[in-house]
């Protein structure tokens, strides 16, 4: 509703929030783009740093669109069989067990392949025909091809910060997708999120966000990843369990961000300067 | 029909267009070369950048020639068994399941191996005898050799832009093929294609094509791939779903082309300059 | 209870020590952080050098919290199947055998993955959904998902000293954890530990600790790892079996720390200087 | 018959050509060497560039000698099992299926292993005993050894142009063979071959050969392989199907030889200079 | 019994030597350390050059302690299954076959893993719980854990001379062991060993030992390994079979130590200078 | 019999030559060393260049000693299962099929592992216990250990010329062997061998040997391997089949030794200078 602010998702689900409605605060045009892609059945490529809310965004969109969500964490050894399914021997009989992607294709669900960029390239053979006008999944082992049920949508995510120097999605795959880029939200919204998710008061949440943003803006940072919203929520959760703010920040932020003693000490001093005495 | 222009395919199917006739606009001599290769049963090597219309061209030729089309997306882990087939255990019985290439050989179809260049080299053993005068497929697992049905034709594609620096088709394979090279069409034809495929008006399509061509002509471009016709169609599709032209271009073109913040910003500024205010 | 000293774990189990209570002396806030994480069901990342007491700390916490402990030693070839389980053929029937992680998830135990950082990345697929709010284990081979029983907690450990230069936990995995860092205890506590564990008198234990600390403080040390508390306990155990202190130190400390003749000689001379004549 | 010319193969089969006699024109002493090797049962190593007629030469020798010819295209993943055979499960029964090499050994055929140099080295175990005085094939899986039937002959080929910088046949394998080296034939013979194989007139064939030889003699050529006789035949075949000579040369020669735009343009200009206006 | 000399093992078995008592001459404190480790059930790490008597030492200790000895030669492809065992299909039934380590654990034997440092790291998962206070072997495939029988002891060996530059035992594994270092014995003891083992007179044995020590003391030696006691025994054995001393030394020492013609010649000249004319 | 000459093997088999007695001419002390090793049951390491007669020497010794000979050609993919055997499924039953090494161990044969240096290191596990005083073969898959029948002897060979820069036999393996080094024989003996084996007259054989020795003595030779006795025999064999000496030398020597046009030309000119005009 606001333009530069962070509008609530203006969907029926948001107006009459059910207990299960995921808590999400939009930034930019990501909701509009996702809706347009969903209406046209286009696959979505989700970019953004670790812990900025990619998964939560997909959960919120699935809820708004009334679709089931199937999530798969990608990894270097993932093959197309992990996605599609395989034959298994059970009690002397051979039965076919659908993989998560096949279940989503059958059910018209959103299939969210998290960090699929790390999977082996034989996933290409199942992604391409699902991601273009064919919208079908070849099941070679079954000798058939499964048309995607209405509503099926493919969403893949990755973190351009450190993926781009390692390996990349093939260009011919990438150009079949519509891209959405997420980043950490502005301070007021992030404070609201941390307070809500961790179950702490706004002041403590604000202190955590101030610290998180101070770390993100360090010049020439030696960190591979910066302090994410997820981390701040974890720290807040430890506070909610009675741990001191200082211990919580060291456990959920400082020691997670680095193993280097010098960096850990510098981050600790930064935390001491930000946290209330 | 025209010489330097872009003639409609002058086939009966084109004259009496059926509902299923793929929309394709020819450039250069690709249609004549494909027809001559088809008459002589020669395999075709299709070169061109991502998203320039290679797949659509093969679909159009298959339609004109009245042949079934079997498409397989190549990948690094693809083996000859993925193409030819394998034995599977089903309910205590062992049955043979044809792979897509074998089905095409049996049925006299066109088998289109998309980016086959990435497959493992044991595909050589099936491609060589199919690609020369023998026109047969050795099925070692069945202990037999399958002669190609009349009309069978092998088509392989790859993108010389980034493949040539990675791995290559073996010379002894490559020299068995007749080569066709596609590129992005001229502006007027590309505008017609984008408008038709995305379902938008010609003016909006023209704006998208102007942007696409501006990106393609950037000097010293840091992009691995340029803006393809496919991308422009995707952007047009988002516009057709009600998204603003600016959001559509960022989602389907700018953020897909690069993860680098500087490049994304520069592309965004270029888009702003081209799009109507 | 003391602040800078080393407090006894103030739990009922510690007040009324049973025969099975593991002997552990806390340093810093590790016990408080672990308790808060346990109450909130958050996974714990345990950092520290080899032999400093990581395993013993987890044993002590499991005892205090009254939970079963399942320990798995990670290695480079470990796959998710090693953690989750697999189908095995037994007497003509196919049966499923739970892996150690699945047993822990079913039973609400603590699953301690020691040096999981060395495992293959397909373990990601089981760690992610267990480590965030989902708290569930996908059992793809069974076509089902197992919710974690109340009390289940995931603990992973690694040694930042030499792991950080090899391979790392993925950032997106790491940021789901709360981190605890352990180090070798202060001299008086370490002496108490060595005497208790090895079954030797305090004076001999003190000599061993003095030597251990001297080795740890060597400048420009060529050692990959320093003398651990575990080593000192092993040396003490050999003394308890009647071996001379000099032979015990050479067998359990000097020759274990290095294969380099010059380093072994230098360490031997350092030991001679520290040990009673 | 002639010394420096190119004699017809002076065999009965050549004198009374049957419909099936492969068209081959000899150059140098290759026919005499092959005959002597065949009489003594020695294996033959065939060297020469892609598309110069190695396969056709072996077909012609097999025809002259009245032997069956079994051809296998080598590849990087080829193992000895691909050559020798394997057990397969069929309808509950396990049956052995001979590989192509085993069939040739049983039948006394010529087994032509094309570019065997790319196969994995476990092929050594089957090549060595077949290539020396033992003339036997160990079938370890069957627990037996198969003596070669009279007339069996092993022929392997490779292209020294680009293989020699990659991987090589082991010296201990290579020194068991008699070597024959083929190259592109002289202009008049090549013209005769192209005209015959493509079914075009001598003048057009001569133009194609002139172009082919011009490309082969380019100084400092950036091409990995030069224009082969096979390519010229393919170009001729497209002409026979009605394509213009210019289009045929671009499709079968220019675009096949290179993906580099500058090289393609230079080859195109060379072709324009050679082809009739 | 002597201090700097080489005492006979002072065990009952040595006092009343049976026919099966392995011939071993102790140097240093290796016997005392092994005995103390055995009493406490600690695992032993045995370091020393090739052929210095590591295997014989373990055989002697097993004999003295009255334990069965299970020896396994490590190699690069060794996996935990090679040590623990696997299911095998026999006559339609699936049976479990214990690996050598499991047999030793069941029987309370000494399991001697020779050059285990070369095995794959999944052996970690079986070594760690056997090497610390747990003394148990996880049998994941059987879904159980096997407690070590009383008397079970783990002994691993490696050669620090060339292993240390290749790959190493993980520090967290290594620090669970007590280390013993062996080297070649002094001249008089080595002469006694060579004479006894090869069955030759003391003078000839002395000549061989003089040569062996001369080779070991070469400055800037190009040899990867020096002349071992094992080699001298082999040379003595050839002499016992009637070969000349010169031929025996060349066959068992000189040509084994190097393939380099210059080194072989230099070693030969050194041998000629040492051997009687 | 002669000292520096090349004595006939002075065995009964040589005195009363049977039809099957392999033709071998000894040089140096190789026969005496092999006999002594055989009497003591020691394994033999055979070094020498390709084609110098290693295989023939082993055949001759096996004949003299009245033992069966089992030969296995090593290769990079060879595993211990290739040597020892494996279970195979036949007609619903699982049967064990001995590998060649196991057959030799059972039968008391000589097992000749040709270029075993290339095999994978898991062969270590079978070679070590066979090569030392244990003389037994662990058959882990059968859960048993097979003692070597009397007369069993292990012989391994390799070519130090190019192996030494690639990979090496492990020192701990190598030092269990007695080494014999072979080289090409002196001119008169080599002439006798070539004439006998190829079935040609002494003069032609002498010409071939002169050429072979001239190639071997080239300064700064670019050849990976020199002209072997085996090559000269192959050339002689082609002459015996009626080929001209010039063609035979080019086919069996010149073109086999190199693919480099300059080297081939230089070797051809050397051949022309040596062969009779």
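The letters A, B, C, D, E and F name the chains in turn, as written, and every chain counts its residues from 1.
Note that a residue touches a chain if its C-beta (ideal position, glycine included) is under 8 Å from a C-beta of that chain, and two chains touch if they have at least 3 such contacts.
Just so it is clear, the model here is predicted, and its values are computed rather than measured.
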*Where chain B and chain F overlap in contact partners, by chain label*: D
*Would you kindly count the fewest steps from chain A to chain D, each step being a jump to a chain that touches the current one?*
2
*Taking CA centroids for every chain, report which one is farthest away from chain D.*
C
*Superposition rotation for chain B onto chain D, Cα-based, multiple of 5°*: 60
*Note whether the interface between chain C and chain E is symmetric in residue numbering, meaning over half of all numbers used appear on both sides, and answer same or different.*
different
*So, what's the distance in Å between the C-alpha centres of chain B and chain A?*
32
_Using mean CA coordinates as chain centres, what's the gap between chain C and chain F in Å?_
55
*For chain C and chain D, what's the span in angstrom between their mean Cα positions?*
63
*Got the chain B residues that touch at least 2 other chains?*
89, 92
*Enumerate the ring members one after another: first chain D, then chain F, then the rest in ring order.*
D, F, E, C, A, B
_For the chain B and chain D complex, residues of the former touching the latter_ = 29, 32-33, 36-37, 39-40, 42, 45, 47, 79, 87, 89, 92-94, 120-125, 128-129, 138, 140-141, 143, 160, 164, 171-172, 174-181
*Touching residues (chain side chain F, partner chain D) in the complex*: 50-51, 71-78, 82, 88-92, 97-100, 114-115, 118, 159, 162, 224-225, 228, 230-231, 234, 237-238, 240-243, 247-248, 250-252, 255-256, 259-260
